[in-house]
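So, here come the structures, one by one.
Each of the next two complexes has chain A plus one more chain, namely chain B in the first and chain C in the second.
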Partner chain A sequence: MKPPCRRWRLAVLCIALSPAAPAQSVDPSHSELVFVTRMMGVPVQGRFTRWDATLQFDPRHAQAGRVALRIDIASASFVASEVSAEARRAVWFDAAQFPQAAFASAAIKPLGGGRFEMSGRLTLKGRERDLVIPVNLAQTGSTGRASGSFTLQRLDFGIGTGEWADASLVEHEVQVRFQIALTGLGAP
Partner chain B sequence: MVDEPRAMSEPAAGSAARYTGTAIALHWLLAAAIFANLGLGVYMHELPISPLQLKLFSWHKSAGITILALSALRLLWRLAHAPPPDLPMPAWQRRAAHAVHRALYVLFFAVPLAGWGYSSAAGFPVVLFGVLALPDWVPAGEDLAETFKAWHKALALALGALVLLHIAAALKHQYVDRDGLLHRIWPMRR
Partner chain C sequence: MSLRHRLAFGVLVLSAGSAGAEPVRYRFDPTHTVAYFELLHFGTSTIRGRFAPLAGEVTIDRVSRQGRVQVEIDTSTASTGVAVLDARLKEADMLAVQAHPRAYLVAERFEFDAAGRVKSLRGEFTLRGASLALELRALRFNCYTSPLLRVEVCGGDFEGSFSRGAAGITHSLPFVSDTVRLLVQVEAIRDDAR
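And now, the complex of A and B:
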């Protein structure tokens, strides 16, 4: 049985090391993560249905914020399930070998008016790329919606190689769009 | 008096009883396009996803929409320009011919519309020749896509069957009845 004074010291230590702001939480049911490219001129959209985000973000101290995203690659879904199955193949996402994609923020720069510039590293299909993602945070009270979009070059990550590498078949540029519902935000 | 068999070079009694030049041109242009697109559809529809399959589906859709647009022009022309009077034939054959022609016109529209719906419902908006995006007039959803797919396939098969019947009947008139029927639609005056 621990002496009461040691437990007390442990408690003080815990409080001292905890972040100034509690972690925010993401509501996946009111969030979306989609990507769009063109196949012979036809816009085709897919969405990731399984992902989670952990973040620590205080609108008043944006620079100290941290965002981490983990995406279940096999959850890439298209309207046609045949296309979803195709996307999991080795020539595309290769979900068997690279089941997760991840994003970790390095810096968050406030631009004013609820706009931020979040830079960080994306790991996708085993390759890493640094990104700068513009984010718009619309906040009412402690809930908010972070949204934005950015583009990727799919061949930077070896997605759609070999016979699919031709841009006229599937465009190299892929637009990624996100809307993330947040709770537990501090005052802006 | 026995009617002599008429060669195609002789005009029908009373007038050059042919369809207009525009109607004839549209008939053969669309006959070739529909024949080709039916064949393409039959060949491609069970292919697994591949660059070739993507290209074939893309061309098939653009051809189908082109057929739809030309069929609209053809229908307008037909409504404005009456076809030549029917050749003498038993009443049931005349009624059958009109019924088949009407059914063909319905299918000229129904088949590509079903295909357009299928494509939209499957999450692939139709983009004509890769440049002109057509609106989606149905929501996206896999169940709806399967329904449109089934209709597109059934209607296309019906079109194919009616085309064969149409060709067989025309040949019957021309070579069995020898009534010079093909002269009405033949593109060349011989």
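And now, the complex of A and C:
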């Protein structure tokens, strides 16, 4: 890491000359992280309302980018509050034992046309799995919207075990959808 | 309520559910769909057991007042809570679960009341490969919106009976009744093209 630019007089110049883009940030109020499963055939959607992301991502140098996400598991919310309460219990997310989930990117591959393939590792309920996540980036000036979706198998993470492992009650496949508002992006 | 009012109410209920009327498909909620059976033992007490969960679906057209239900019953799920009885029930001369792992109900003759609730249904019950006519009468029928799933759920309690002898189950007649009373709890979740 290069030494920080300390003197305010030089700050502007310093940023302009800096080879690494400034760290980007996420605007959580315009972002969402939702997941959908099916309960007895009916789609049931939940969302995480508390999470944060740190990222260093310059669309021109996507390969050098890094993304890390931390999710407060107890923030999992459903339309029905009974479901939110149930989801925190040990058989599902076990929020008491595993209060955080985390994702860390390992590689970001640009596919062209604002599309990227991000691979990384998800830690959820104490289990780790490698994921490949397709990401679309729509950029306007220095702001952008990263979106995408992928599927997980809930049993890979021990979510909904015992009697609830029955797929006819709650499907094993869970679709995760994200829309993340980014600021501080460099020129596209 | 006068007859006129009752009719008006019925029309209201029907029209409320009939916007763009067409058959609506519901799929059984396996956690609230159970068939209980009862047989009289030595004219003295009632043997009870159940088949659960039941898989199936029902289609209801409230405007044309038609319906269709098909149910698949896993005969090996027969349970009285008494292990020796359950083992006996599954043998070849009774439910014959190896030769006949499934029983079926298909019913297409639905009757509705003025408010559009299912009143009864008649169809064919296939047990041990034998087809029996079966009528199920609603003791209650209702629809509600599930607060969990945010979709319409319809269901009720239904009652009917059949002769086990007609399905070839004659063991211990007449000490255990030939008539089997069925009590069916059913709830089905509206399944729009999802």
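Definition applied: the second predicted complex is superposed on the first by the 169 of 188 C-alpha atoms of A that agree within 3 Å, B and C clash if a C-alpha of one lies under 4 Å from a C-alpha of the other, contacts with A are read in each partner's own complex, and residues count from 1 in each chain.
The definition used in the following text is that a contact is a pair of C-beta atoms (placed from the backbone, for glycine too) under 8 Å apart; a residue touches a chain by one contact, two chains touch by 3 or more.
Please read these numbers as outputs of a predicted model, since none were measured by experiment.
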Chain C versus chain B on the shared chain A, clash or fit after superposition: clash
First (chain B), second (chain C), both or neither touched by A:Gln100: neither
Partner chain in contact with A:Trp164 - chain B first, chain C second, else both or neither: first
First, second, both or neither for A:Gln63, with chain B first and chain C second: neither
Partner chain in contact with A:Ala80 - chain B first, chain C second, else both or neither: both
Larger contact residue set on chain A - chain B or chain C: B
Touched partner set for A:Pro43, first chain B, second chain C, both or neither: both
Selected from 1-9, 127-135 or 163-171: the stretch of chain B that, after superposition, runs into chain C: 127-135
On chain A, positions contacted by chain B and by chain C: 39-44, 79-80, 82-83, 169
Complex contact set, residues of chain B against chain A: 49-51, 54-55, 58, 121-127, 129-131, 133, 140-142, 145
Touch list for chain A against partner chain C, complex: 39-44, 79-80, 82-83, 168-169
Contact set on chain C toward chain A in their complex: 27, 29-31, 53, 147-151, 189, 191, 194
List of chain A residues in touch with chain B within their complex: 39-45, 78-83, 86, 163-164, 166, 169
